[in-house]
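Take a look at these structures.
Two complexes, one shared chain (chain A), two partners (chain B, chain C).
Entry: the complex of A and B
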């Protein structure tokens, strides 16, 4: 079932690189190291590689499905499970996307409150930020992709700032290599995949790509770039922190920035956090765009109206989450759902999809 | 259209009214550059904060505020009560602990700094022999006391004999399995700040110290030295002679053997330098050879003495444990701790005097 999208709304296949990559990089980068290092300590960089490799497989599976269907997840659901059950599953997917958006925004505001402005109110920042997001999404999918592009390019210079902590690096921290059991690696693997989440939105924007089959390699490149970035960060973190120290550091990336000192800026993390506003902007735009798009396809309503409803829910939910414990809980719940979604549900859907297609061909 | 404009205006007004954040204008704040902690009897801590005071004629002097409290945090927040402007710790350069405080353990103080995002990782920590308050109240030309101490310590770390340390490195060595932290030990002597030696820690408690004369050898065992000086004393024909060896750079290599049964650490130390001064007869290539031998022996003896001392006190500032850990799979920390005291440590020293200065041979 082909989902028709007008020609002027289509994007170049190579831009998929930026969409996939920018959605994967988000608030998680500021502190993913700790959650992995709890289990595998100095071997955490291996987990980064393994998790990245499995994501490539999932992307491949998704393209297999989408290429055949030439549609999005809603049409696949309808095709496989029928109108009602399929619709319900798409609705759940939409809820997941909204929850993802809420989590990203609230976690970032928490960082702002802890590191920069302890007295900042959650709702004022959310309101201003969500208005900007509404403005971008109202411009259509192409504007959202533009935000993704800028969200990768503008903060790119930050990569070089991570060379500064090497002044106090202890390379012995990486030794001995392969000192952890498969069980420990598996536990850390679970938490690492969370940092790679975000590419699954491909299931929604696939029909917006011009000649979508050709975009597969760009999606893989995008993920590869994410893997390289995470590996780079993880290696630097591991040589800078002793494992025991890292396990106690909530935002390892930000803590590393604390060592940078310029004559004109006492500490660098203020610039880093401010730059991160640009990094999470495409995250939120894509998540809310995808949620409102799913709603539009499901209920046949105007996307802008749904968007306003979604953003209002986000604003309220953000304000209701008050302390670190509840934010942490939300984070772990949402990422768990994401984990089951990419490793459980997508392969399951793929199996059902191929099975039904085969049966239909025979009859 | 009209509706949109009104809505935008409304949001602007609401956000700019409710979204205000407390202003922190630098001229209306006291920016602390140093804090010191003294022990005042049982469970009482006196905290002293130093704030630079810039006078209209652009000279800088000090302002110190001291308060007494039960906890380090309480004492610090009491500083605010005594100051006419709010005190902020975003530019804290150095934290000083009196010997008594350090011996009781600085866990809580370190935790305060570690937890506070506005304190930088480059904060220097140091132990003071004597009263911290007295040292901080001293005025030094050009700088406020905090910046002055920070400058003196950090240049001595770069090209002197103090092992490199700051808040991050202290935490690192504290959390590293098989390593104990070291901090510089300073004192106030004739209105000057004098580097007295090094304070050795077990965990966050100071247990011992080493004097200044051992600091060259300690630093060369601790990290690679880039630039330093060393003085040698010999007796030749009943006359005491001195060598001054400068521009010293060192490299150390570890080797751990028999890790699984009875570990044995071999430390290979390579020292390079040149002769600057010699009080004996003219400097020639022979003197250089003599100096090499002398220095090798002396450094070796001193190193062995230091390591024996560490083993006796059961502390590991040179990170032998870390060396063993990074060489073994499934390293057993407990067993290592038992073996550490009686472990055999070999020190090998290689000295190379590469230059003898710009003149050769004969005396004047």
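Entry: the complex of A and C
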């Protein structure tokens, strides 16, 4: 079932690179190292690679489905499970997207409150940020993709700032290699995949790509770039911190920024966090765009109205989440759902989808 | 023109024609154009002055202006569509393009928007610019205005569309992109290395002009840890006697500069110089000595003002003047994070802008690597083989590189 999108709203296939990559890079980058290194210490970089490789497989599965369907997850659901059950599943997917958006924004505000402004009110910042998001999403999908593109290109200079910790690097920290059991690797693998989440939104924006079949390689490149970036960060973190030190460092990336020193600037993490305002913008824009788009396709309502409703819910939810414990809980719940979604649900959907297609072909 | 239609006769006579009748009660007559065309002489451009290159600029007469363009493009494909706009002013508006090079869709957009104009009086091309631009709530100009016929000829050859208005020495160019506003015509008169460096400096100057005072306010208000000890000492000693908070201090100085600028622009040139001296030297030095502002900030604000003058298109400079203030306000609210927020608003806004329906931020977004040859840098002419993709010209090749290179070899 083809989902029609007007020609002028379609985007170039190569931009999929930026959409996939920008959605994967988010608040998690500021402190993902610790959660992985708790289990596998100096071997964490291997986990980064393994997790990245499995994501490639999931992307491949998604393209298999989408290329056949030429639609989005809503039409796949309807096709496989019928109107009611399929609709319910799409609705659950929409809730997941909203929860994802809420988590990203609230976690970022927490970083702000911990590192910069301890007394900052959650709701004021959320309000202003959500207005900016509304303004961008109201410009349509092309504008959202533009935000993704600039959200990757503009903060790109930060990559070079991570070279500074190498001055104090101790490469012996990486030894011995392959010193962890499969069980430990699996546990770290689980937390690492969370950092790769976000590419699954492809299930929603697929019909917006011009000649979508050709975009597959760009999606893979986008993921590959994320893998390289995480590997780069992880290696630098591992050589800079000792394993014991790393286990006690919640925001490893931010801590590394602290040592950068120019004649005119110290404490670089302030500039880093301010740049992160631009980095998480594509995350939020894309998540809320996808959620409102799903609602539009499901209920046949105006996307603008749904968007306002979703953003209002986000604002209220953000204000209600007050302490570290509840934010942590939200984070772990949402990431668990994401984990099951990409490794459990997508393969399951793929099996059902190909089964039904085969049965229909016969009849 | 022989006619007996009263309405045409009236219209033509009001715009300067003679009516000749053979007999007194003839109902037919011959209309002869005999308008007196008093116009300023063609002079050197004042706003877009260049040291090298041609020094002609448009004047207030449409006929002269069309002649200036036609002289540079003596080809039959240069088409001029004329409209009469304004119920009272009956202003002649000409839309110029080269058929076969300009994109059909762009031409239709321009013709339709100019044709649809309903207003009683058009006094200048900037009226038209505001009425036909895609988003009239934006501080950014979406059409370039120029007073140089050579620039007009240049963009016509690239496939843009130019609008000339009778009574206005400024031509409008569209579709255009943000980076085009930072390119001066002089960039094409000097060699490409120098031109590229100058363009990069200009872009740097603009971002500096927008960001530097907000960063000063943000850092002094919230993030003094950012400043190393030695530099902090300089800042503290210059600010130790200032009673005002950084935000007010910056706001006052920014407004002072704006005042000077306005006063300088409204006054005759000779008095204007006096104002410059009074403002720059007397007020600046006195306010520092009186302990109202710190001299570090004075330097910063003056540099920012200087940097905003580097934009070759005057209207863009005005837009930059304006968007500094939201940045300043948000910097006072949330420090560097506030600047980040202001930045994403700006980013969203520019991403949404279009010029004649074409993306404004091109070639950055949508990313078109080929168009970068004439954006942040200007590559040599031999690499400017193709017309910009932005303009979607049906005839993409400007000249064949292969033909130009054919006879080139060592010792030949």
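In this text, the second predicted complex is superposed on the first by the 363 of 363 C-alpha atoms of A that agree within 3 Å, B and C clash if a C-alpha of one lies under 4 Å from a C-alpha of the other, contacts with A are read in each partner's own complex, and residues count from 1 in each chain.
In this text, contacts are C-beta pairs under 8 Å (C-beta built on N, C-alpha and C of every residue); 3 or more make two chains touch, one makes a residue touch a chain.
None of the values given here were measured: they were computed from a predicted structure.
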Partners on chain A (chain B, chain C) - clash or fit: fit
Once both complexes are placed on the shared chain, angle at chain A toward chain B and chain C, C-alpha, multiple of 10 degrees: 90
Touched partner set for A:120, first chain B, second chain C, both or neither: both
Touching partner for A:5 - first (chain B), second (chain C), both, neither: neither
Chain B versus chain C as contact partner of A:128, first or second or both or neither: both
Touching partner for A:278 - first (chain B), second (chain C), both, neither: second
Partner chain(s) touched by A:241 [first = chain B, second = chain C, both, neither]: first
Touching partner for A:267 - first (chain B), second (chain C), both, neither: both
Smallest separation in angstrom, by C-alpha atoms, between chain B and chain C in the superposition: 5
On chain A, the residue positions that both chain B and chain C contact, one per complex: 117, 120, 125, 128, 261, 266-267
In the complex, chain B residues that touch chain A: 11, 14-15, 18-19, 21-22, 90-91, 117-118, 120-122, 168-169, 171-172, 175-177, 322-323, 325-331
Chain C - residues contacting chain A, complex: 222-223, 225-228, 231, 334-337, 339-341, 343-345, 347-349, 351-352, 361, 364-367
Residues on chain A engaged by chain B in the complex (per definition of touch): 114-115, 117, 119-121, 124-125, 127-128, 131, 168, 170, 172-173, 175-176, 178-179, 241-245, 248, 254-255, 258-259, 261, 266-267, 269
Residues of chain A that touch chain C when the two form their complex: 11-12, 14-15, 112, 116-117, 120, 125, 128-129, 132, 135-136, 139, 142-143, 146-147, 149-150, 153, 261-267, 270-271, 273-278, 281
